[in-house]
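Structure in structure tokens, see below.
Chain lettering (A, B, C, D, E, F, G, H, I, J, K and L) follows the sequence in which the chains are written, and residue indices restart at 1 in each chain.
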Amino acid sequence: MSDRTYRVTEIVGTSPESVEAAIRNGVRRAHATLRHLDWFEVLHVRGQLDEGEVAHFQVTLKVGFRLEDPE
Amino acid sequence: MSDRTYRVTEIVGTSPESVEAAIRNGVRRAHATLRHLDWFEVLHVRGQLDEGEVAHFQVTLKVGFRLEDPE
Amino acid sequence: MSDRTYRVTEIVGTSPESVEAAIRNGVRRAHATLRHLDWFEVLHVRGQLDEGEVAHFQVTLKVGFRLEDPE
Amino acid sequence: MSDRTYRVTEIVGTSPESVEAAIRNGVRRAHATLRHLDWFEVLHVRGQLDEGEVAHFQVTLKVGFRLEDPE
Amino acid sequence: MSDRTYRVTEIVGTSPESVEAAIRNGVRRAHATLRHLDWFEVLHVRGQLDEGEVAHFQVTLKVGFRLEDPE
Amino acid sequence: MSDRTYRVTEIVGTSPESVEAAIRNGVRRAHATLRHLDWFEVLHVRGQLDEGEVAHFQVTLKVGFRLEDPE
Amino acid sequence: MSDRTYRVTEIVGTSPESVEAAIRNGVRRAHATLRHLDWFEVLHVRGQLDEGEVAHFQVTLKVGFRLEDPE
Amino acid sequence: MSDRTYRVTEIVGTSPESVEAAIRNGVRRAHATLRHLDWFEVLHVRGQLDEGEVAHFQVTLKVGFRLEDPE
Amino acid sequence: MSDRTYRVTEIVGTSPESVEAAIRNGVRRAHATLRHLDWFEVLHVRGQLDEGEVAHFQVTLKVGFRLEDPE
Amino acid sequence: MSDRTYRVTEIVGTSPESVEAAIRNGVRRAHATLRHLDWFEVLHVRGQLDEGEVAHFQVTLKVGFRLEDPE
Amino acid sequence: MSDRTYRVTEIVGTSPESVEAAIRNGVRRAHATLRHLDWFEVLHVRGQLDEGEVAHFQVTLKVGFRLEDPE
Amino acid sequence: MSDRTYRVTEIVGTSPESVEAAIRNGVRRAHATLRHLDWFEVLHVRGQLDEGEVAHFQVTLKVGFRLEDPE
């Protein structure tokens, strides 16, 4: 078995509901264009406020995925 | 339009239920005395434990708000 | 009253559901072998991905507990 | 002479032109309501982009000022 | 019992004598205008030098205090 | 409205003249291949020296842009 | 001579008097149950406040000790 | 000569043998799809353990490469 | 399958030869008393010098291991 | 060609005008006594304030220079 | 008045008695060979342990001093 | 015995072969002009790339050495 290499990309997922929903939204969107997503790590949790309420949670993530062997 | 200035204040919101509820509690309390709250950022998530259960989530936040133009 | 000393240990709690559930799972497991658990602090929120979905949240925690006086 | 105490507040100054202009705008606004401003430190330099150009520099600053002796 | 919210403010206490005296001076000055001071955390220990001696210890602190419920 | 996702990429802009020119050069180059650039954040300011003068400012930036909805 | 291995544990020592007393209290308590304590490093200096006075200094330490060779 | 812009991407190289082999494996894989690789920086050195032995070194790298001028 | 919990302990492995040998020495020693070692992460690489040569590499590691279910 | 070694020294350059001027002033002063200056990196941007205006920018730099081979 | 430049050097002061004594010992020694010492900042507080007691406090300091104008 | 003071200097050692060789090259060069070198700590591991291969490892080190008593 060859030695695997992974790439790590940074995304910001958003949701008006919760930190977990923002993570899941961001990961699903990344999954639409990247194969072999393997792990994530939360870098920042931020959000926009409106009239004293949280309008959106904005969760910055590092997402790691395995690179396929070049041919 | 003049160049806006914002101030950032640090608060700790608490809740026995969830990280999001602690954020919302802290932001609502800040909203009672500060106008133009615009964004927040989570600095730390901590909590008190009691008999192996989480008694309170304590979420430290930076909260940013726009300063009004001085007259 | 004597001056208390605390010890801090690092654990990783996991859950397929939420950050809070991962914290609670980790703390309950620690409670099974450590007495006087007093507080926790979140160090990292990470997770495993599977087919674009979060398989597990993995929350790294510092957990503090009071040391009993040596006899 | 008594031992002085200082307070540190965090602001975000903005300008479409430069980092220095954003710092100066933020400090002047702070000066409108706070006396004895003594020093600043840059925490972050960020900005908004519009059509590939910098719309605003946003410079987050800590600003220190001397507290007067309470009477 | 309602969910408490705390605010965190940053001060710099000074003393020609020791780190502890600088902390105590800063906290006492903060106590003159803020109620319900609850905890502190040291961020930096700095100082001014004069002829190879420490002229002042300057200790930057975060100080947390409980916000009263708004009426 | 769907929940937006953003991607964050890291670039280094350079200029012999100023920090701002290095930021603008980097952002313009990114704009040539990426749509919907929304914000930037400075990570590092470095530079090359030649005979005691600054030959180039090298400013490392994170640049955020909105991802379009996958079809 | 074999290659030594050390373990590092984290404790919080407390004292109403000084940072040094909190360090010494924590180290003595650790010494009651751990052999071969070799060094410490201060991670945080915090404390509890009561009526504008420092009730306790709480000093978080990493403490290193040599592991004995397994038999 | 125009002002160059660089992009920085994050990868994880792996090897059962050494930190250097993990770096070299990761860089070679990146070289298969990216031109003008110029420098790297190590962010983390981690690894998987199996029966008390290191199964794989996993070295997280930032890798910088020059962007070609857009036409 | 129940939700697993891991513990993370900090050790310092040493070797006169290389960083990798120091990691392996530390991990083997930990394996003598801890079961289910799963991963490590390097925190610091330090060393002692003697007459301009490296006498020992000292590598500080976090080592993670799975906790067994309590009975 | 032998393997080069560099030394890194820390300086603070100042200017009433701009961050870039403070960098250039500091680097020129270092150039008066150090040969082979090669690169710099900004660590902190601070400044003194006077009547709500920036009196001096103070930019803390790491400056790297190549060491000549010892004879 | 010309724009001043400062240099920052790193030292470790030691004392068996206190953090402040270690700072003062280190600063006095630096003063024996460096002119115009102006400020210090504490980076780390560490120490050696012997039989459960603190043998030495080791305080790592940055010390800043003004460079004289070159002639 | 008097209280010792140490100085810490920052160097970058390089080698085309390995991290350890870069450390050793840097330390030997420092040893040519500095007496009483006592310890080192790795700050960064970087390198130059050429055609997808590592041309040089560049290891930034802090190196500590004991200052002799002034006469």
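The working rule: a contact is a pair of C-beta atoms (placed from the backbone, for glycine too) under 8 Å apart; a residue touches a chain by one contact, two chains touch by 3 or more.
This structure is a prediction, so every number in the text was calculated from the model and none was measured.
Asker: To reach chain K from chain G by way of touching chains, what is the minimum number of steps?
Answerer: The distance in steps between these two chains is 1.
Asker: Determine the set of chains touching chain G that also touch chain I.
Answerer: C
Asker: Which chain is most remote from chain A in terms of Cα centres?
Answerer: With centres defined by C-alpha atoms, farthest from chain A sits K.
Asker: For chain D versus chain F, which are copies of one sequence, does the interface use mostly the same residue numbers on each side, meaning over half shared, or is it different?
Answerer: Homomeric contact, different residues on each side for the most part.
Asker: Report back the single chain whose CA centre is most distant from the CA centre of chain F.
Answerer: With centres defined by C-alpha atoms, farthest from chain F sits G.
Asker: Could you please state the distance in Å, as a whole number, between where the Cα atoms of chain C are centred and where those of chain G are centred?
Answerer: Whole-Å distance between the two chain centres: 21.
Asker: Just give me the whole-number Å value for how far the CA centre of chain C lies from that of chain F.
Answerer: 38
Asker: Could you check chain K for residues that touch two or more other chains and list them?
Answerer: In chain K, residues 9-10, 18-19, 30, 32 touch at least two other chains, as defined above.
Asker: Please give all chain pairs that are in touch with each other.
Answerer: The list of touching pairs comes to A-B, A-C, A-F, A-H, B-C, B-D, B-E, C-G, C-I, D-E, D-F, D-J, E-G, E-K, F-H, F-J, G-I, G-K, H-I, H-L, I-L, J-K, J-L, K-L.
Asker: Within their complex, state which residues of chain C touch chain A.
Answerer: 17-19, 44-49, 51-54, 57
Asker: Hey, which residues of chain H end up touching chain L in the complex?
Answerer: 18-20, 23-24, 27-28, 30-32, 37-42, 63
Asker: Provide the residue numbers of chain F that touch chain H in the complex, in ascending order.
Answerer: 9-16, 21-22, 25-26, 29-30, 32-33, 56, 60
Asker: Any idea which chain K residues touch chain J in the complex?
Answerer: Touch residues, chain K against chain J: 3-10, 62, 64, 67, 70.
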